[in-house]
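Heads up, the next two complexes both have chain A, just with different partners, chain B and then chain C.
Take a look at the complex of A and B:
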């Protein structure tokens, strides 16, 4: 498995180099995309210097935390998003004739995957950390990787759950799009600014708030007592992420048995 | 011990029932009525190691569905299936080690990569030892003449080159058995022949069991001593190709070119199959009427400029079987 995974990355790099122009455009797009999101934040915060006690500096850190977790999942697991399309086109068959776990086989399908977004996110995170003035101590250095990994797992769990629905419905792009929008919109601002319903949704139903809001609130000392949760709840994201991925994986195994293929 | 054994294998597909048109499509959004269609309906057969079997049937007969159950892609609705002692859908990964698959319609290779990289990736996937990998690759590249395009991205290969690459890819891990699903579709005569030669050779030298589904019956004639015919999800014939030809190939066609045009044409003991301009095709049963007698009867009545006897090809035999069903006795166990 390890050998396969190494090969997979080797091929990703080769393919990226094969389509250089496309790669450069994607990288530029990534910079512009995140750049404009941050610029929008800045403009909003210019009008209202603080939102429920969160300043622009705090929000830069909030955004950077989400961006890092999201980029990590995009870099490692973005192939999961291709599952519905592969099912629809019948290409999923080939995943099932390999002596490898089908999910691993999906994840390790080479394409044009390059850790450019991850590098960008890590750089931005470093900047935002300094800029926000968050206290960087041993605990911070130890906890950030855990929280980021947890955030990536939360992202993966939700994506995998949606992709698995394709075993029944074949096309799930609308749902995927809605959830992605939800993720992008509602991770930008601290969830305290939203109504109770939205906060509930983001905490207990689709727990995007554990990707960045709760961990950031913990690191920045901004307890708000939402749903009477203690500040340490921010450190739960690795646990929540793991539980979510395990649940999504069980669902995936169940869906695999329902796979009908295309044609007869 | 048989390498493949299926007993009463069935696969029923369930889909949402739709009335035709936009109205029907909208209706289907709100009702959950399902429609069931049995693609495979009680298929039983067994294969011994080293056999080459043609698995044939018209489009939609259930060929691919059977193959997908044997490879572990689909879970059967009922019945049992064993491949090299394993239940494919339960021991899918172990089963995958034993089998190789070539889908003529869909390449297994990686589109953006040179052939060599696809092979390297397969080496990792199947965990093939370095030595074995090197030997196999050298042999296949000699037999299939791969060397010339090993470094070309797969998307730039011709269909013939790509298929040769696909064959090598399916055989690299020394599978005990290979499934070839329409492997010669769209290929020219020369490419077809080189693929057939390769399959025959691999079977002969390595004892690999081969299941071949195809619409090109020349593949079958060239490679398969045994065929299994399936239609509407059921096996209608399982046995030697030769036997089928003997039992069903009892008809001959006499092609007569007339010297002048006659308003009527009829001969006792033969049926006029077709008549175009001055060429008449007469079908007769060689067990009831000898060709000599028939020719004499024709000559007695008509002036002709040319005459020929056509033996039935496997294609016309199979066509008759689809149309009429199998009524013979040759439902035999494999040799």
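Take a look at the complex of A and C:
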């Protein structure tokens, strides 16, 4: 399986090199996408220096943490998002007849995947870390990879859960789309600003707040008192991510057993 | 094209093209639902974010909280119309090659794309009514005087044409290269930021503001919006609309030149 996975990345890189102009333009879009989000934050917090005690420096770190976890998930597992489309087109049945685990087969479907977003995210994270004045010590260096991996797993767990729903429902785009918006736009701000219901949703139901808000609050030493949780809960991200992926995988297996095709 | 130009012009075919486009858009009901759902989520977000910012900082005098909420809500609603790529059909027809048969038809081809795009926009424009209804459940939107509303409407229309020509230019570049999707996404994202849809341009730091006002994006969102909330007063209407009109002339000229050059290419390649 390791050999297969290496081949998968070899094809990805070769495909990317084949369509070089296209690759450069899409990388540029990635820069503009994140750049405009960060610029908007900068402009707003230039005019209004504080958002419930969070400055632009804090929020740059908040964004960087989300960006890194999200980019890691995107780079390794973005193919999971294609499952609903593949089920609808009948193409999914191909992965069922291969002599490897179907989920592995889905994840290792070659395309034009390149870790450009991950490189960008890591660079921005390094920048934001220095800029925000977070205390960088041995604990920080040890904890950040764990928290980022945890965030990527939370992201994956939710994506896999939604993709699995496609075994029963032909169209899950609307749900995926709303959840995506919650993830991309609501994680930009400290969740203390939201109403109780939205905070509850982001903490306990689809725990995107553990991708960046709670860990950032821990590293930046913010005591917002969200749900009376101490900032240390931010370090639970890896556990929450692992639990979420395991639950999503069990759900996936369950869906796979029930799956009978859409009748092509 | 010269042949079609000499024929007596009839409007009916183009009205029919627009109607077809409306019917086509109406079949994508899913997009309609997500569009409206997205709007509700975004209105909630903008209300929450601005409320939090105004609660902890000194409010800028020219835009109090109710004005910024109004600004951002109207900006979102305008986006329903302005973020549409109404000349996408041009790219599609260049992509699959059917543009060649379009040139043989007894129609004015750019006008066909304009009619098609107008139909698409009219359909999405009709969605403004339910969208506004949903938005009003979450926020209060100020309604200015009739005179200001009229000026806003004119400026919005001018902004629409600026957007139309920008899209037309981008889609025209498909005559030379088909890899334009990424460029279009980049332009859309830049429009939302640099046009003042996300954050009013009056908040931009001076150095950045200088750049932003020299670009055409401000003519799409910022000008009509600042008229709506009264930051641009009646004494400046003439100036700002003249500047919008200037952009239309510039971009319209570029569109015409690109179209002519592109159309010639199709004929040459087609033999």
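Here is the rule we use: the second predicted complex is superposed on the first by the 261 of 264 C-alpha atoms of A that agree within 3 Å, B and C clash if a C-alpha of one lies under 4 Å from a C-alpha of the other, contacts with A are read in each partner's own complex, and residues count from 1 in each chain.
Note that a contact is a pair of C-beta atoms (placed from the backbone, for glycine too) under 8 Å apart; a residue touches a chain by one contact, two chains touch by 3 or more.
All values derive from a computational prediction rather than experimental measurement.
Engineer: Once chain A from each complex is brought into register, does chain C clash with chain B or fit beside it?
Structural biologist: Superposition result for chain B and chain C: fit.
Engineer: Identify the partner contact of A:52: answer first if only chain B is touched, second if only chain C is, both if each is, neither if none is.
Structural biologist: second
Engineer: Regarding the shared-chain residue A:15, is it in contact with chain B (first), chain C (second), both, or neither?
Structural biologist: Touch status of A:15: first partner only.
Engineer: Given the touch rule stated above, what does A:145 touch, chain B (first), chain C (second), both, or neither?
Structural biologist: neither
Engineer: With the two complexes superposed on chain A, say which partner A:96 touches: chain B (first), chain C (second), both, or neither.
Structural biologist: It touches chain B, and chain C stays clear.
Engineer: After the superposition on A, what does A:133 contact: first (chain B), second (chain C), both or neither?
Structural biologist: A:133 contacts neither chain B nor chain C.
Engineer: With chain A's C-alpha centre as vertex, what's the angle to chain B and chain C, nearest 10 degrees?
Structural biologist: Approximately 90 degrees at the chain A centre.
Engineer: If we overlay the two complexes on their shared chain A, which of chain B and chain C does A:32 touch? Say first, second, both or neither.
Structural biologist: Only chain C; A:32 stays clear of chain B.
Engineer: State the minimum pairwise Cα distance, in Å, between chain B and chain C in the overlaid complexes.
Structural biologist: Minimum over all C-alpha pairs: 11 Å.
Engineer: On chain A, what residues does chain B touch that chain C touches as well?
Structural biologist: Touching chain B and chain C on chain A: no residues.
Engineer: Please output the residues of chain C touching chain A within their complex, sorted ascending.
Structural biologist: Those residues of chain C that touch chain A are 30, 33-34, 37-38, 41-42, 44-45, 48-49, 51-54, 56-57, 60, 177, 179, 182-183, 185-186, 189-190, 192-193, 198-199, 203-205, 208.
Engineer: In the complex of these two chains, what residues of chain A are touching chain C?
Structural biologist: That would be residues 21-22, 25-26, 28-29, 32-33, 36, 39-40, 43-44, 46-53, 171, 173-174, 177-178, 181-182, 185-186, 189, 193-195, 198 of chain A.
Engineer: Please output the residues of chain A touching chain B within their complex, sorted ascending.
Structural biologist: 3-4, 6-8, 11, 14-15, 18-19, 90-91, 93-94, 96-101, 105, 110, 112, 257, 259-261, 263-264
Engineer: For the complex, give me every residue of chain B touching chain A.
Structural biologist: These residues of chain B touch chain A: 13-14, 37, 39, 60, 62, 64-65, 68, 71-75, 89, 92-94, 96-97, 99, 101, 103, 106, 108, 110, 112-113, 117, 120-121, 124-127, 153.
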